[in-house]
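Each structure below is given as structure tokens.
Below are two complexes that have chain A in common, paired first with chain B and then with chain C.
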Partner chain A sequence: MAAQQAATSLRGVQTKCLRSMARDPLMQCLLPRFQQRNMATESSVLSTSTSSLTPFISISTPLSHRPPPPVPQILATLYTFPSMEPQSFVEYPAAHLNVPLRRDILHRAVVYEGDKARQGSANAKWRSDVHGSGRKLLPQKGTGRARVGDKKSPIRRGGGVAHGPKPRDFSTGLPKKIYDLAWRTALSYRYRRGELVVIGEMEDIDNAEPRWIEQIFDKVNFGKRDGRSLIVTGTKLPNLYAALAGTYGVGLAKTGDAIDVKDLLEMGRIVIEKQVLDSIFKKHSSDIIGTVPSAVGI
Partner chain B sequence: MKVSHRSTQLWLKTSRSSPKTFICHRCRCLTQKSHFTTTRQARASPEEPQKPDLTTRLRRRIWGTETPPGQKDPYRRLTPEEKAAELLEQESIAEGKQNASQDTATEIARRQSAGEYLPAQNWDGLERIGGATGWWEEEWDRNNVYRGFLTEGVLGEKVANIEDVVRRVAVEILALKQAGGALHEGAQAEWSEGDFMENIDIVKNEDGSFTLREQTPDLIDELVELLQRPPEEEMEIEELSQDIEDPEALGAEEQRLLDEIHAEEEAGEEQTLEENEIPTVATTKTHDPIYLELPLTDIAFKFALIKRLTYLLGTRIPDPKINSSKTLGDVVAYLSEKPKPTKLAEILREIPELKALPNVEIYDTKRNFVQKEMEIGRWKVIEAELKKKGLPIRKSDRLHG
Partner chain C sequence: MAQLACAQMPLRSLWRCRISPPSTEALRSYNQQQWRHESILGALSDIPSSYNKRIRVGRGPSSGYGKTSGRGHKGQKQHGKVPAGFEGGQTPVEKIHGERGFVNVHTKDFAIVPLTRIQSWIAQGRLASDRPITPRELIISRCVSDAKDGIKLLARSKSHDCSLNAQGPLTIPLNIVVSRASSSAIEAVEKAGGKVLTRYYTRWAMEQIVKNKMDPIQSLRSEPVDTEDMDTSKYQYRLPDATSRKAIEYYRDATHRGYLAYTVGEHEGPSLFHKPPRNITREEIEEKKRLRGTSGQVQKTKLNMDANKMW
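And then the complex of A and B:
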């Protein structure tokens, strides 16, 4: 009975977590303790609530009765585009933007995406596909030569290809949780290097001239001299997209549903709209939502 | 042997003693005096005055002078010495011509003042119209200059001491906090130095909080007023001054307004002049460095500080640095960091042990064969020798022949 009550109360906390992710410190998800001891060097605990220190908890208190552990928060600045005026700060949990760097996971994710993107349409004709008759060229016996079938044999010139490529699916599998971790690892890597710029609401530029966007990028240090930038918007903005398409080596504009982990790692910086960033975190958090707190250790 | 002009006979008139000798038509023509007037020999005869050849005449007509510049024989290859001599000659002609052009300039001025039409000898000074190149740079770029929040920092690259700027911004925000206004309101306010920089101190109280202390009375209120002045007032003043075109038609009140506008414009101009002339942002007075311990736990305070600094300096402060800065000292430390040099040569030049070595020189790029030979002084010899032999000197010579 007590165990059932504990289980139901745990589930209740988890559903509340799903609704409001790390906004209200009192209603935060119960993260496993080990995730707080991450290898990030600069994670600060900026508490928005009044109590910044956790009270002493005796070991005899059951897990379900303990207050949720404080989730470290990370500050990001919301800017306007393209004037780059700071509008406000916004907080994200450390599990989103301060995940430790795991190059192997990023590698697996990039390889997985590359495999998935393959067309796989290479095709070579086998002996049955080659155009020609099946007439036996020489009698089976009596010629003194090796036996010969039809002219489409792979041994013969003009014949089919033995074991040639055939259209196939090259996609590989990757556990969803690892892929989601890769997304957040890439974004955290960018954040820690100061290469993640979050825009409050993306506005279209005045005209679609490529030299206009080049001038803007030069002045706000987004352009060729500063390593190029990837602009990620929720919807396609006509002037911005047309202007960037007319440039070379300055930047790229893509919608949120058209990017992947490789794109996040390619350019010099990512300029992303806040709603797109939130949707990425919502979609790629399977490894941190719904985890049961560990009963072993504190 | 006497040859007859008129005879077309093949037989040569010889002396009586010798028999007649056969001479073919070709030999006869060659030995005959030429009747063609277009040959050089005919032209070179002393009877007629010597006319200059076609090339010279053409060149004179093209250049419009009796002494056109360039080689006498343009198809002849000059030796380096002859080339140098010709260059010198051309320079002296140019100098001579400059003097000549001054005379012509006075002549032109005289004729223009007299109202006489003078056709131009060349296109110098004439207005250029049309053409496909340069329109984007000259017209479009000039009329479309982007200005945003971050385009040009107000202080730009003139900052001598970043610590003073950060201290002054902290003073501004503390002043706004004391006055009870929104802290980030003064982000795009005017920057003026003097009293505000020197005579307001940040002091730490016994309970650990930080407050301002002013040396002259009402200085903090003045600062708050400056920060809270909306930029729209300046825009309205500009519009008003544009509307007032005929000052004579104004009434007394309008005249007073106009006087105010002029006074403010002059004051504004003086300020900008000062900013341009005296570029350093530094206080003469040294302040107690206790302000470096000012904590940035208040999010609103931190945001206002970052926004104002971004506006003044024109550079974005990265999010992880904002996140990890706990005190004002952390912000000063980050902003005071020199940017890492991008080239290895820059790093090597700063190592004193390398500088001390007498046989080591540091270059930005790898030295190639030609550059090494140039340093020794052997390259000109190699080049002259290759030219003499007619061999290609550079790779590009070989490719393009």
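And then the complex of A and C:
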């Protein structure tokens, strides 16, 4: 009994310790998945002691009249590249970087992108497209042979293709607000798993040699044995892009306007420049901003 | 055991989160281990209710689609397909009654904008009253959701009893440029000291105007404006002009406040075909009446009767 009590108290101390660690900014950045999760659906639990209540909120206030719970900020560390030294912290709203995982929304976004990316340019000649005459090859009766029409028939060699592919558009639709949510869901998922590395300002590497970047990646645990990395930069950095293009299974470099949701989910981690991350949040927030269309100041 | 697991948690987390290499030797040994990255892409799926289960017909009686596979008994419907509109040999209804009416392919479909909505938009701060309100402003502020072939301004409840935001009568001077405008809308805008200009737009033109690739007001045949800040070179395309007779005649009409009204000469009307009735003075009418007086008519008939005499 006593031992059990001691164990319980010890566990309590540990939990408290872990919580305080989680509140520490450094800990929060290094171990985002270890911190307390603040999901968007989470609401603050009212404690029984009145001392914790602010004067203008009383228990008798109806739920709908209470001010919304404060939106927690998410801390991310800015690193340098390629030295990967932590520089500073940067805060993002939870609606940007701590969106709950929705596999269905990610699925819809990935399928939408895949459909949109299809060229749909397959083209075959149907019997009417094949060059040639419509002359009947044999008389209808009296030859002892099977009935035949023209030589462009799909059953003949050199004939058209029956129901062959024609150029078409495979693209499907997805509401903009859902697609925007998918972007932030993907980034949040990566962030919580510690797979989102934010770089303050990406610098080009000194050498365009593939071995150079391979060794850098091995050193900072970005490479092949660590599940590869996607480097996202604002502009093309010649040496970095050339070096990564020469490697195999190490990683990929893309500019911010060339990535999509699927890219964000593919590799072991996303190494992204801060300005690109900010522009993604700016571009893909239609579901949380809710602006009224206006022509003033256009 | 649980305590042990708890104590290990930070280490395990550090090992999974390999952003920056931890410096301790103990963690270094973790880093040497390989771990395979597993992408979430293979585990994505839409919610189950988004998928329909395929109906497997002809696969046994318990499926409900077993014996006849949902096609009923005997006949053409079971074995193939029946032509659309075929009523089993009876004269089909579309053959008895045939087609009625027609679709006018030449008609122009205008998006309607009530003046009250513009007022409401201004009150909400979605439209600026100090600048010309052109299709660009109306479309961008979603005062018009689909501009169709053009925008038509109507006055709808001009003085009072406005359904939208209970706006009173229009008091702000506005400068509105649209495709068409009703006479009551023109009257209401001008009463408030504003002005209306109607001009020719096409669907494509309005798309380019929204993209800021085309001037929203000035075209080649517009009345020249001598402002120096008008820089037409910044636009990629030129705004098209009316080409059909019907459209030209509409915009030549000053009562429509058309943009071509300035081209109408002093003794011309908006029509390109009919001459306007000549202005006749009262004296001229009197003179005509006098000449055509009753005595004159009698004389004429007498004369005619005389001329028709055969004997």
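Assume the second predicted complex is superposed on the first by the 206 of 298 C-alpha atoms of A that agree within 3 Å, B and C clash if a C-alpha of one lies under 4 Å from a C-alpha of the other, contacts with A are read in each partner's own complex, and residues count from 1 in each chain.
One rule holds for everything that comes next: contacts are C-beta pairs under 8 Å (C-beta built on N, C-alpha and C of every residue); 3 or more make two chains touch, one makes a residue touch a chain.
Nothing here was measured: the structure is a model prediction, and the numbers come from that model.
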{"item": "Partner chain(s) touched by A:245 [first = chain B, second = chain C, both, neither]", "value": "neither"}
{"item": "Touching partner for A:262 - first (chain B), second (chain C), both, neither", "value": "second"}
{"item": "Partner chain in contact with A:106 - chain B first, chain C second, else both or neither", "value": "second"}
{"item": "First (chain B), second (chain C), both or neither touched by A:117", "value": "neither"}
{"item": "Chain touching more of chain A, residue-wise (chain B, chain C)", "value": "C"}
{"item": "Partner chain in contact with A:137 - chain B first, chain C second, else both or neither", "value": "neither"}
{"item": "Touched partner set for A:220, first chain B, second chain C, both or neither", "value": "both"}
{"item": "Partner chain in contact with A:83 - chain B first, chain C second, else both or neither", "value": "first"}
{"item": "Touched partner set for A:155, first chain B, second chain C, both or neither", "value": "neither"}
{"item": "Partner chain(s) touched by A:194 [first = chain B, second = chain C, both, neither]", "value": "both"}
{"item": "Touching both chain B and chain C, residues of chain A", "value": "77, 84-86, 193-194, 197, 219-221"}
{"item": "Residues of chain A that touch chain C when the two form their complex", "value": "7, 10-11, 14, 18, 21, 30-34, 77, 79, 84-86, 103-104, 106-108, 110, 189, 193-194, 197, 219-221, 225-228, 262, 265-269, 292-298"}
{"item": "Complex interface listing, chain C residues touching chain A", "value": "2-3, 6-7, 9-10, 13-14, 16-21, 31, 34-37, 39-41, 43-47, 50, 124-128, 136-138, 140-143"}
{"item": "Chain B-facing residues of chain A, complex", "value": "42, 44, 46, 74-77, 80, 82-86, 88-89, 191-194, 196-197, 209, 211-212, 215-216, 219-221"}
{"item": "Parts of chain B lying in touch with chain A, wherever the complex brings them together", "value": "136, 140-141, 144-146, 148-152, 299, 302-303, 306-307, 310, 315-316, 318-324, 326"}
